[in-house]
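Shown next, in structure tokens, is the structure this report addresses.
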Amino acid sequence: MAINWYKYSSPASFYFLAGKMIPIFIFAAVILLIAGLYIGFFVAPTDFQQGEAYRIIFIHVPAAWMSMFLYLVMAFWAGIGLAFNTRLSSMIATAIAPTGAMFTFIALWTGALWGKPMWGTWWVWDARLTSELILLFLYIGFMSLQAAIDDPRRADKAGAVIALVGVVNIPIIYFSVQWWNTLHQGASVSLNQAPAMATTMLMGMLVMALASWMYSIAMTLMRTRVIILERERHTAWVADLRDKEKIR
Amino acid sequence: MNWASWSEFFAMGGYGAYVWGSYFVAFVCIIGEIILISHRRRTLQKQQGLIYESNSKEINDNETAS
Amino acid sequence: MLQGSNLTCVRGDRRLFKNINFSLREGELMQVHGPNGSGKTSLLRILCGLTMPAVGEVCWHGDAIRSLGGDYYGVITYIGHLSGTKDDLTVIENLRISSALAGIEISESKAREALEYMGLGGRETLPVKVLSQGQRRRVALARLLVCKTVLWILDEPLAALDVSAVKIIQVMLEQHLAQGGMIVMTTHQEIAISAKTIQQLQLA
Amino acid sequence: MFLWIIQRDLLLAMRRQADVLTTLFFFIIVVSLFPLSVGPEMSMLRTMAPGVVWVAALLASMLSLGRMFSSDYLDGTLEQMLLSPQSLPLLILGKALAHWLVTGVPLVLMAPILGIQYDLPTDALSVLTASLLLGTPVLSLIGAIGAALTLGLRGGGVLVSLLVLPLYIPVLIFGSGAVEASTAGLGYSAHFSLLGAFFLVSLVLAPWATASSLRISME
Amino acid sequence: MFLWIIQRDLLLAMRRQADVLTTLFFFIIVVSLFPLSVGPEMSMLRTMAPGVVWVAALLASMLSLGRMFSSDYLDGTLEQMLLSPQSLPLLILGKALAHWLVTGVPLVLMAPILGIQYDLPTDALSVLTASLLLGTPVLSLIGAIGAALTLGLRGGGVLVSLLVLPLYIPVLIFGSGAVEASTAGLGYSAHFSLLGAFFLVSLVLAPWATASSLRISME
Amino acid sequence: MLQGSNLTCVRGDRRLFKNINFSLREGELMQVHGPNGSGKTSLLRILCGLTMPAVGEVCWHGDAIRSLGGDYYGVITYIGHLSGTKDDLTVIENLRISSALAGIEISESKAREALEYMGLGGRETLPVKVLSQGQRRRVALARLLVCKTVLWILDEPLAALDVSAVKIIQVMLEQHLAQGGMIVMTTHQEIAISAKTIQQLQLA
């Protein structure tokens, strides 16, 4: 018989399933991270325009990608939770937000550290950079709203509304690039110098991006598990779990 | 291999501060996040006087039994 | 007919009540009793559809109220702990606007009449913020005189009222019941209402 | 019904007499602060003008958001609104319209005068006014969502700005962008059609989102 | 006693968890709005920077004024404060201090980072921070008077700004003036001594003025 | 000894009462009666010094209270229609802070004890905003247990309370009177308090 997927939409089953999956994802993340860093620092050659500073790319670009992607994933789960009143999906959305905010912060930070040597300034008010900053605000707004509401059910629903409204905003901000003269380098600047270098760099970036993926999944699962315990601490299955552990 | 020596590696062609600053902060964020989550879990356990850490096999048995 | 089946209410970590069943017919009064914090207000809000019960369903003539939406709101009047009056508006404006909100537009003279009846004569044009506690409550209750709804859900309507006002309310409730209305109410004060059937619901 | 709500909110605004005036006054002060703190060079001021006017409009609109539902919430009127047989999104549309009439319209009327202080050319002035006319209702509509979500959360005043400002940003960009484009002699119809699109989208979606936020908040 | 009040207000702020953070983010957002609507030219932004940061600080402080007494008023705590055997001006000083700790201090800490985004030189940054450090307590103290006067006038949020902004303007002018003077290579000690004078005067007078305003409002 | 001489109160263009004279000694209770809007709350606020009477003077042991200022506030406790609790703080924080505000710093255990006595045991750490109407009132009244003031001025202390809470309050008031305290109170509900002397003041 096929796996009963529906079963895993109950927090209890998800809790145990997630418990089993976390080590796998952490392991994958560590392996990929080591591989990615190795490629980034030892295989990829020096860029003749930017010198060694370009090696920031291996953290900057995956972080920037993740920051945007995680927002969409978060809004998706929050929306599912709002529409179908499934507790678990709302919890996942809540669990994704801090990780997404962290990646946004990393993208901003590494970008700033890259900007100083490249553009001679930590910050410019350019569309790409500004939109990333706004993304950070969207994450923080989502988290502060949820933190300000005591009742978890209400927090879930209110968070979902703001997350979904925020999604409408993302493409708008993203396309506003066309009205602005952008300073932020696109892919063309340093990648097309030599084909060999482009491939190793691309490889490094992709491996690091995969590592970020695995890491994000692991963190989300871990945080979801904690949230489940916090919210379901009065249910029978948590009590069962607790008793069993005490006896042992 | 790009680097003749470790010191050259750490210097990053004069951009050491920027490159390592980026990687260091990113690393701190990641570790910080992990610590925050496990801290949250531990306070929960302390509050409730519980041990949630589960032996997945035992739980599995329990699940199929029920 | 208002029916509650299997109603359970959970607040925070506390289950206030569970498995409450009742059915209320035309001309019947249900008094909800219980000590402070036993969940009377929570129950009344569930009956209005302002809160969802953790388990169970409220039905109006057989249909779940959550599926009825606006149609249900057209037949109920809820008066809670808060009076729902705006401090900055005058007494008469408050009454007319709150009635309009409930779907009944009333003329100025009709409003004056209702206020006169509630003992607020001569105070129609004062802003509500200068009124005394009991007078505010009267303004809120005046709405019962002008509305044409069947089901009244009243949360401690007598709080802050003096004896003469309690009398007025008592008569009003009895008339409503005699005309085939239904009432669900809570109160910590004693009030003797004569009605066909009075159900008593005791919480915790 | 719809009219009753608008009338009620306007009546409340009138009752608090100087209410309309104060929003306006706030707007004027913020706009006038800049020349004070930046210095009197005209060319500089002219470039800044659309941005400053728009930011001021946005802040003025945002500042008064708290009022939109919170007093209704505290005195129980909001409960009654949720229990009204009328359509809730329509009620909310009425409230947003009243909000706009009180905070948006005075700004639109005032903008040309302030623009003159910043030495804007005449056609830039009219573009500025038009962009405000199209943009400020969007601010009221979107703001309603934020106000509804933060209802009853004390200290919501700052939280609401955190939620709403990122959503205001596109309006700000295209609103001030239109004026800049016109000063630069470029076409600004694209900006306007985008503003119009924002307006329509928010007109259709915001009342619903606000209605569900209110139900969530009152749960 | 004094400590109890501060502690209570800080506790309230903490209870609304992200409260301090939200003020901070409000500040950051407002500061970021200007480049969005004015455009990204650095030289322009540099000139605007002190004005923008100061206006934002002023707004952040003003936005949270409503909170200072109104919730105490609505739930009756304020009545109890007036009936407290403790000295009322001292209680008010405590509240103003708590307000400053929650809204002013985060801004002071944040200002250098925002200054960097606007590409201000290092010494201008330190002058900016110092001017904020001296100026923001004045904002809280003066704000308390306005908040007390508009108490119970619903929709006081905007009215308070009407009352308070004119009083804030001197602080704004000398605060941002100090930074400009330093960028222009002129002395800024005169600005600072004026700011200091404002601080002392408001420290002495504002609690008394607020106390009597409160008594008037509660009559 | 609390004395009111010739008190007159004017609100808007309405004179609520005039020429009220009374004197209240140790161990005495004064109940203020009157229909809604007759000026009971206004009188109590005048006795606290929150409002000035249009004519007349309130004296505490012979000194006009307006000249006493803070010293007078040290001997009275006023509990009005509004509960004076902060929604966002927990029950225990509210009690401790409101006591501190009144000049008495109480320990956590003392506070818990008082709350337990008021029937709020187990709810000490809930924020007040989730409490029921009657529970909020109890939190406000818990202050009477910890304060050491002589004169209690209570405006409808029984509103929203259930019978068991009314009983608790009754005992509390009797004890206070027996210890030589003084009480001025209003209520629309019947409450039988045994005291040395009970004065009845009828307004309007």
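Here the chain labels run A, B, C, D, E and F in written order, and each chain numbers its own residues starting at 1.
In this text, a contact is a pair of C-beta atoms (placed from the backbone, for glycine too) under 8 Å apart; a residue touches a chain by one contact, two chains touch by 3 or more.
All values reported here derive from a predicted model rather than from experimental measurement.
S.K.: For the Cα fit of chain D against chain E, please give the angle of the superposing rotation, nearest 5 degrees.
M.R.: It works out to 180 degrees.
S.K.: When the contacting C-beta pairs are counted for C-D and for A-E, which pair yields the higher total?
M.R.: If we tally the contacting C-beta pairs, C-D comes out ahead.
S.K.: From the centre of chain E, which chain's CA centre is farthest?
M.R.: C
S.K.: Approximately how many whole Å separate the CA-defined centres of chain E and chain F?
M.R.: 37
S.K.: Averaging over Cα atoms per chain, report the distance between chain A and chain D in Å.
M.R.: Result: the chain centres lie 33 Å from each other.
S.K.: Indicate the whole-number Å distance between the mean C-alpha point of chain A and the mean C-alpha point of chain B.
M.R.: Here chain A and chain B have centroids separated by 15 Å.
S.K.: Which positions in chain C are in touch with at least two other chains?
M.R.: Those would be 12, 81, 87-88.
S.K.: Considering chain A alone, which of its residues make contact with at least two other chains?
M.R.: Touching at least two other chains: 137, 140, 144, 148, 151.
S.K.: Taking each residue of chain D in turn, which ones touch at least two of the other chains?
M.R.: 12, 16, 71, 74, 153-155, 159, 162, 165-166, 169, 173, 219, in rising order.
S.K.: Quick check on the complex: what are the chain C residues that touch chain F?
M.R.: 11-12, 34-38, 40-41, 81, 119, 123, 126, 130-135, 137-138, 156, 159-165, 188-189
S.K.: Which residues of chain A touch chain E once you look at their complex with the stated criterion?
M.R.: Listed in rising order, the residues are 121-126, 130, 133, 137, 140, 143-144, 147-148, 180-181, 183.
S.K.: Which residues of chain C touch chain D once you look at their complex with the stated criterion?
M.R.: Those residues of chain C that touch chain D are 48-52, 70-71, 73-74, 76, 78, 80-89, 93, 97-98, 100-103, 105, 127.
S.K.: For chain D, which residues are in contact with chain C within the complex?
M.R.: Listed in rising order, the residues of chain D that touch chain C are 1, 4-5, 8, 11-12, 15-16, 71-72, 74-77, 79-87, 91, 218-219.
S.K.: For the complex, give me every residue of chain E touching chain D.
M.R.: 12-13, 16, 18-19, 22-23, 25-26, 29-30, 33-34, 36-39, 44, 47-48, 50-51, 54-55, 59-60, 63-64, 66-67, 71, 74, 153-155, 157-159, 161-162, 165-166, 169, 172-173, 176-177, 180
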